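Several structures are given next for inspection.
Each of the next two complexes has chain A plus one other chain: chain B in the first, chain C in the second.
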Partner chain A sequence: MDIFVQQLVNSLSVASVTILIGIGITLIFGLAGIVNFAHGEFLMVGGMATWFMVGAGMNFFVALVFAGLLVGALGFAAERCLFRFTLNRPMNGFIMSIGLSVILQHAVIRVFNEFQKSITDPVGLVWTIGGVDIIAMRAIVVAITAVIVAITYFGISRSRYGMALRASVSDRDTAELMGIPVRRYVTGVFIYGSLLAGIGGALMISLFPITPFTGSVIIIRGFAVSLIGGLGNVGGAVVGGLVLGLVDGLSAGYGYPEWTDAYSLVVMILILVLRPQGLLGGTLGPKAS
Partner chain B sequence: MRQLGLGLTMAAAGLVMALQTARADEELPIGVIAAQSGSFVSAGNTIVGAANLAAQQINDAGGIKVGDKTYKIKLYIRDNRTDVNVSIAAARELVNDIGVKAIWGTETHDFSVSMAKITGPAKVLQFSGNSSLGAVLDDKAIADDGWLHYTFQSEPQEWQRSGSTAKGVLSLLTPQLKSPPKHSVVFVGNDATGQYLSSHYVKALEAEGQKVDLVQYPPDTTDFSPLLTRIKGMKPDIVHFWYNGDSTLTAFPQALKLGVAPSYFLFGVDPGIYQERSLKADVPVTLSCVPVCWGSSPFPEVKQYFDKYFGLGAAKGPQSSVSLLYYDYFFWYAKALEKVGTIDDPDAVVAELLKSDYKGVVSPVPLVFNKHHQVTFATEVCMVEPNTSDQFKCAVEQPPGAPPPGDNGG
Partner chain C sequence: MPMTDNSAGKTGAAPEGARARDRLALLTADNASVPLPAGVQAITAILLAVLLIALPWLGLGYRFLSIAITTLYTAIALYGLGLQFGQAGIMSVGHSALMGVGAYASAILSVQLGLGFWTSLPFAMALSAIVGGVIGPPTLRVGGQHYIIITFCFCALFVIVLTNGGTFTGSATGLDVGSVTPLPGINFDKLSNNYYLVLAALFLALAATYLIGNSRYGRKLRAIRENEQLARSVGINVDLHKLGVLMVSGLFAGLAGVLQLYYLRHISPTLFGAFPSLYLALMIMLGGARYLYGPLIGAVVVNFLPEVLNLDPVDSRIAYGVCLLLVILLLPGGVGAGIKNIYCAIAGESETQKQSGGSNGRA
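Up next, the complex of A and B:
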């Protein structure tokens, strides 16, 4: 029983980072209409920046904020210099983002090196409750993710900005005629999604070492989460992340462990076949105009 | 007029001498194919680092004297981008367009085998540090007309490395545990190399009296906690993190936090990295290097080697010691060329390599190739004192004389 409960606890923390990157993708892909395959590299850059700042003596939680801002600025630059020119041709943007991901990987190798980077656990505590080990930093990651989810959810569903954004996704031309600065909103969403990737990278390196290639692995899960939940749907990304986290945790614990990745991707395929709009429904994603 | 004639004669003599000097320093083209980008870059860069150091040392020492000519090594380094197709294309270019006499690389079994299908027919020697080549280097393949006649495996056979590692780990850990360890879990990435290597290591542990469970994880896993929780439920005496040093460095701290086992073994994690990362465990931990450690060098020659290797700018990583699977063979190859007296008779060079030995850095015992073109040398295994990051006790374990029961050696 202890082992089973431990697996459920593990699943929750597995889900957290995935949810964070999933939200970033679901906003950029589902609301801004940009397929950014370099989003995983944005996360990696956030992790590397955190590693660098913590190594220079900065407190982890301060470094986390700086990493978010840095990657947010990177997102701003990428959107203004690259993706804004592909808004009407999403496939061009997609291919461009693949190139950007390779460039970012090798830029990081050039600046630092190819080896994995890690930091000392910022908290370093393990709580044992009823035979179940709860790693304090993982609990903090879950808590930070929950706060970000809440802020994002209310920002999208309740604020004026969120309503205007959803209106521009439904009908861009009408939204523009109503005076909504759609292009500026797209930029804003891209920056916010990138900022979440930066924070996700910082949280990730507090749990696991990262390499310049970490992003290319996690991006698949990020897209899976956003599609399972429903593109552009923050609640959907949370549900998608939890589904994948539970499948990962329980299949690793009780199934064939070497197939762990396959289980979660099979679940994704099944959901997309049975509910193409995702579990909670969402936008249809980017479309060429 | 006589002075003019004398001057012309002297000028002509000078020109002839200059030409002779230029001819004396001829170029020996050698190819290096390694991952300088992509996911195998940390292993690939060690091949390039070893090649650069060896070529520089040989050239600085005057080059290779073959017959009446002196050759300086000219390296042609190609990035395989961790892609088998790029490796094949690079091998074709080096063999067909550049005309290299030998190729060093590459870091993975599949890529090396693919390259051998190009180097073999062209009679270009290939030195590859993949123990998994043992699966294909048989009597037929290495025969005079065999497809691997010109390929040499510069890493010991896997049953040898597994045998010496298992023996070293158990002999270091047993005195540290309350009772002799009986149950081991081998934790390994589920890729072609992981499957091959672990198949031998499981047999080696069984030969040492261990009950062994094998748990495989998908490559690129970062969160190992569900799998480690599963292993904790098996109540092992030792968890052996096998094969991939980078994955091990990710999984091991998670295992410590979850209290998975009373002792651990980390394959391919150098004591230098353990110290650099400030890793610390309250239980005994053993480490092994491929093949000897830079963080705790067993011999003065090895320490000097790593000082020079890192002095050339190579990064200190968990796989830096892999460079020693490539370095010595440049000198051995040069020695064989000098003995044969020509760089254009690869069959004679192969024969010379097979009948000669070479006292390199990697081993205090001279290296020799067996009839299947494979070398043998020992493995270094270290134990970290509990609650320290820098207190190591190391031993160099010799390989067993024969494969364990159930292991056909290939």
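Up next, the complex of A and C:
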């Protein structure tokens, strides 16, 4: 039982990273209408930047903020220089994001190297609660994710900006006529999603080592999460991330670890084929071209 | 697919700028549907055939010929992808998995049953076509980007299955095969003979692409690409045609996979994973899927670029990525479109526009 609870906490912390990337994708794909395959690489870049800054002697939590800002800036540049020009042809944007992901991956290899990087546990505490050992950093990861999820959820569903954003997704032309600067919103969502990826990367490297190829693995999981939950649906992404994270974590502990990656793929194919709008409903993404 | 609104709009309003803009518009215009004169087409085909056949005698060395073989079998798979994307508008970023199905089918037949190259080839090609066809129907319901994501998932899943397949698929280390069964008087262990084998297959793929592109079937596919609802309403069986083109594409991929297997003599799962698939997508976008020689151009550029520029693998991959971005932003029709537009600009607009009535518009 103790082992099960520990597995559960571990899985939750893994699920947190998945949720962060899932929310980023669900917002960018579902609300901004951009399929960004390089999103996993954004996360990886965030992790690598954190590794570099912590290695240079910076406090982890400061590095986390900088990693988020750095990747947010990267997202801004990518949106302004690349995706802006393919908004009317999402297919081309998708192919372009693949190119971007290849570039980022190998740029990181060029700057550092292809070996895995890790940092020492930035908190280094173990809490014992009711006879169960919980690594403090993992609990902190879960808490940070919970705060971000709450901010995002209320931002999208309650705030003025969230409302304007949802209006521009459901009817772009009318939203523009009502004076909503749709393009600026698209850029904003893209930056916010990228920022989350940067923070996710920083949290991820605090949990386990990452390599320059981590991004291409995690992106599949991110897409699975956002598609399970329904595109543009923050709550759905949380549920999807929890389900997938728990299945992943528990299967690594109990089941067949060599098939771990296959689960998210199968789940994703089934959902795309059977319920392209996602299990919990969403915006269906940009109009399929 | 003119991208002129972004790239040319900033040139300015001065007469100089206007002329530059016109020229740029000419270069980025969509000329895929403008047919070239029959003479030009024939001369291009003959020149290309002579060049490719003469290649081993030019004394360019072993390494060059090896890359040429890689280029050619990749191009065969690209012709399949070119049909499904260029003609029918169905893009895939998991295409190397179909190559892998062919290669692994042939290798498993060789290991388990002792079948050679020629006897296993039809089975492997048929299996690739069937897999292409089986994956098609359920996934085609979801259009556009969802379909692309699914193809990527299938590709990743395929690699995981191969890696966990035990001795049957050789796990992560893969499988080995012997050399191509010699025909009377021709020993395929010699590299130049292997080259001609792959070249013959490429000519078949080229001919098939040309014939399909100019047939009623090809016109129907293009109708589906341009407007699916309209195509359906004039009585074209859209689902059947999509299924058909996916199976033909699978056939090409299977052929390419078997050729790859017997050229390398050894295959492993990573050869058919995400990266190879992405490079196939890159090559097709780079070359131009709608042009007869587009896939070949794409394969040549991507395979020879690192060699010509003397790049290490990491730099060459960065270069690929940058190429892909530039092509999509500046030349959405691919290099094939660029070459054709340059030709049209030189030959004079009037001449080409006179003949723009036909539909067999492939350079």
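Operating definition for what follows: the second predicted complex is superposed on the first by the 266 of 289 C-alpha atoms of A that agree within 3 Å, B and C clash if a C-alpha of one lies under 4 Å from a C-alpha of the other, contacts with A are read in each partner's own complex, and residues count from 1 in each chain.
Everything that follows uses one rule, which is that a contact is a pair of C-beta atoms (placed from the backbone, for glycine too) under 8 Å apart; a residue touches a chain by one contact, two chains touch by 3 or more.
Treat the numbers as computed from the prediction; the structure is a model and nothing was measured.
Novice: Touching A:91 in the superposition: chain B (first), chain C (second), both, neither?
Specialist: After superposing on A, A:91 lies in contact with chain C but is clear of chain B.
Novice: Kindly classify A:248 by the partners it touches after superposition: chain B alone (first), chain C alone (second), both, or neither?
Specialist: A:248 sits against chain B, while chain C stays out of touch.
Novice: A:154 contacts which: chain B (first), chain C (second), both, neither?
Specialist: In the superposition, A:154 touches no partner, neither chain B nor chain C.
Novice: Applying the document's definition of touch, where does A:127 land relative to chain B and chain C: first, second, both, or neither?
Specialist: neither
Novice: Pick one for A:261: touches chain B only (first), chain C only (second), both, or neither.
Specialist: Both partners, chain B and chain C.
Novice: After lining up the shared chain so the two structures overlap, which partner does A:61 touch, if you call chain B first and chain C second: first, second, both or neither?
Specialist: neither
Novice: When the two structures are overlaid on chain A, which partner does A:273 contact: first (chain B), second (chain C), both, or neither?
Specialist: It touches chain C, and chain B stays clear.
Novice: Have a look at where A:106 lands relative to chain B and chain C in the superposition and call it first, second, both or neither.
Specialist: In the superposition, A:106 touches chain B and chain C alike.
Novice: Using the superposition on A, tell me which residues of chain A are in contact with chain B and, in the other complex, with chain C.
Specialist: In chain A, residues 105-106, 109, 258-259, 261-262 are touched by chain B and also by chain C.
Novice: Considering only the defined contacts, which chain A positions touch chain C in the complex?
Specialist: Residues of chain A touching chain C: 35, 82, 85-86, 89-92, 94-96, 98-103, 105-107, 109-110, 216, 220, 223, 227, 258-259, 261-262, 265-266, 268-269, 272-273, 276, 285-286, 288-289.
Novice: Which residues of chain A touch chain B once you look at their complex with the stated criterion?
Specialist: Against chain B, the touching part of chain A is residues 3, 6-7, 10-11, 13-14, 105-106, 109, 113-116, 118, 120-121, 126, 133, 135, 204, 207-211, 213-214, 217-218, 248-254, 257-262.
Novice: Which residues of chain C touch chain A in the complex?
Specialist: Contacts found on chain C: 1, 3, 6, 91, 93, 138-139, 141-146, 148-150, 152-154, 156-157, 160-161, 163-164, 274, 278, 281-282, 285, 314-315, 317-318, 320-325, 328-329, 332.
Novice: In their shared complex, at which residues does chain B touch chain A?
Specialist: Touch residues, chain B against chain A: 37-39, 41-42, 45, 190, 215-218, 220-223, 225-227, 229-230, 232-233, 246, 249-250, 253-254, 257-259, 277-278, 315, 317-318.
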